[in-house]
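You will see two complexes here that share subunit A, one where it goes with subunit B and one where it goes with subunit C.
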Partner chain A sequence: MSLISIFVASVLTENIILTKFLGICPFIGTSKREKGALGMGISITFVVFISGIIAYLLYYYVLVPTETEYLRTILFVLIIAAMVQSIELIIRKQFPKIHELMGIFLPLIAANCAVLGITFLVIDYQYNFWETIVFILGSGLGFTALIYLYATIREKLDQRPVLPSFQGVPIALIIAGIMAMIFSRFGL
Partner chain B sequence: MKKIINGIIQENPVFILLLGLCPALAVTHTFESAYIMGFCVIFVLLFSNITVAIIKKLVPENVKIPVFIIIIATFVTTIDILIKTYIPDLHMTLGIYLPLITVNCIILGRAIAVASKEKVMNSAQDAIGIGLGFTLVISAVALMREVLAHNTITLMNDLSNITGYEWIITVLPVNLDLNVFATPAGAFLALGFLLAIFNKVFMKGELNESN
Partner chain C sequence: MIGIIIITVTALLLSLLILFVADRFKVENKSDEFDKLLPGYNCGVCGYGTCKGLADAMVDDPQLYQKCKPLRGDALREMEAYLRGNNLI
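Up next, the complex of A and B:
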């Protein structure tokens, strides 16, 4: 597959939220305000970019030669937790402006299934190094775009009458379902 | 017993606590993959809760979460290897969602909220209750999706490797053929409608307060 088609697929037709169901918790939970949604999306993209590349290199240059692929779950979880900690430290010291935007989201990302899921998908799809980078960036962009779109829809929705038993999460899930139908049509 | 029922209804992990939505959507295209996912979660939840409850006094407060995550990841790796060896077809079906149990918020949540405070027996009971609550919900979502989309209930298909025979039930005389429920979009719709029904039945008085 060419790099461009990987990019388009990971942003639109194979969007990680709508087809792989990764990162549903922040999607449903924190995407009530547009600004928060944007901050969450950018933080996740940033963390998954750095930890995804490190996980890729360690998997192919350490785990595969030593035939310990079964350790990948533990290793990837540790990489992500360590990366989240160090990114937090670095941006708090060096870039306080960015820390204002991303700071509150970083601790939440350590146990986020979007980040771990993308690092697993890269291995399962057997991408090479450049395909990995394009896939990670595309997935991150797709996540950010979708969570932002969704936040704007939900802000409007708050002012509309909804059946009491559908209020909150049920109607949010149904909207996500409708968005999934729309996004799956981009491929045709 | 009270703790177990508490985990199924009052503190249902998916419907009330809204945790673990990711597997509830992802592995519910067949009934079989859903209930097996449920068993895997019960397994990991039970052993991680027991382990955390045993070692809770040895773990310093500030490294609590990393230690818990590693304990959970160890049990997830164990069940990952077991399924890969004995039921390879199922390992293909569950795909990345099996290792992703590690970051399922239900398990870490219970380790922090319950197992790191209570005794071993209480933690184990809580794990079984919450695990059963999770399994029932994802099985219900899968049942709804599979019946509406394919008019079947798959009880044993990938499992036929070890049990020796397949077991797929056809339910209704007419095939509804609502293919949308087989797609990812259908997963969101099915879970949304089931959650609304659950709210209607169990949460009559509390709706206005919680929103």
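Up next, the complex of A and C:
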């Protein structure tokens, strides 16, 4: 598969949120405001880029030669947790506003299934190094674009009359479902 | 056995990385520094109830140290020297 088709597939047709249903928690939780959504998307892209490359190198150059592939889950979790911790410290120092905006969701990237899912998918699809980088960047970009798009819709939605029983998260989930249906058409 | 070694070495390297980042990007908390230089009587003359309250308020406006009446003599000079040293007054 060429690099371009991997990139387009990971951004649109095989979007990590809408077709694999990973990372729903930050998708709903941080999409109330555009700025927070963009910050969340960028920090997830950054975390998944660094931890994905480290996980890939560790898997193929340490775990495969020593035949300890069964360690990959615990090792990948370890790498992601360390990366999230480092990035949280950096953001708290350099961008206090973004740190305030994202609040609890920033450390929760460590428990975000999208990040772990992407590092696993890279191994399961048996990509080589450059395909891995393109896939990781595409997935991160797809996540950022989608969460930003979703946040703009939700901000508009705040000014519209919604039935009381649908206000807040229920109507947001319905919109996510409609978006998933639209994105699934890209693949056909 | 080899699994234990791999996990241990990786965890050690990652912990060193976090330690380095935490040291490099430390958020210096001015409030704690002010609190150390204040008398610590918690008399409430300044209007903030406790010395910690005044120290927190001084983060936004360092001039508030003048509201502290028990801060006199050497302690006052020390506080002013600290504030001047950090270009706060």
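By definition in this document, the second predicted complex is superposed on the first by the 167 of 188 C-alpha atoms of A that agree within 3 Å, B and C clash if a C-alpha of one lies under 4 Å from a C-alpha of the other, contacts with A are read in each partner's own complex, and residues count from 1 in each chain.
The rule is simple: a contact is a pair of C-beta atoms (placed from the backbone, for glycine too) under 8 Å apart; a residue touches a chain by one contact, two chains touch by 3 or more.
Just so you know, these numbers come straight off a predicted model, no measurement behind them.
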{"item": "Touching partner for A:Leu63 - first (subunit B), second (subunit C), both, neither", "value": "second"}
{"item": "Touching partner for A:Ile53 - first (subunit B), second (subunit C), both, neither", "value": "neither"}
{"item": "Which superposed partner A:Phe21 touches (first subunit B, second subunit C, both, neither)", "value": "first"}
{"item": "Partner with the higher number of touched subunit A residues, subunit C or subunit B", "value": "B"}
{"item": "Contacts of A:Leu121 with subunit B and subunit C, given as first, second, both or neither", "value": "first"}
{"item": "First (subunit B), second (subunit C), both or neither touched by A:Gln94", "value": "second"}
{"item": "Contacts of A:Leu71 with subunit B and subunit C, given as first, second, both or neither", "value": "both"}
{"item": "Partner chain(s) touched by A:Asn112 [first = subunit B, second = subunit C, both, neither]", "value": "first"}
{"item": "Contacts of A:Ser86 with subunit B and subunit C, given as first, second, both or neither", "value": "second"}
{"item": "Residues of subunit A contacting subunit B in one complex and subunit C in the other", "value": "70-71, 74, 78"}
{"item": "Subunit A partner contacts - residues on subunit B that touch it in the complex", "value": "18-19, 21-22, 25-26, 65-66, 69-70, 73-74, 76-77, 80-81, 95-96, 99-100, 102-105, 108, 180, 183-189, 191-193, 195-197, 199-200, 203, 207-208, 210-211"}
{"item": "Residues on subunit A engaged by subunit C in the complex (per definition of touch)", "value": "58, 62-63, 66, 68, 70-71, 74-75, 78-79, 82, 85-86, 89-90, 92-94"}
{"item": "Footprint of subunit B on subunit A - complex, ascending", "value": "18-25, 28-29, 70-74, 77-78, 81, 110-113, 116-117, 120-121, 124, 163-174, 176-178, 180-181, 184"}
{"item": "Subunit A-touching residues of subunit C, taken from the complex the two chains share", "value": "2-3, 6-7, 10-11, 14-15, 17-18, 21-22, 25-27"}
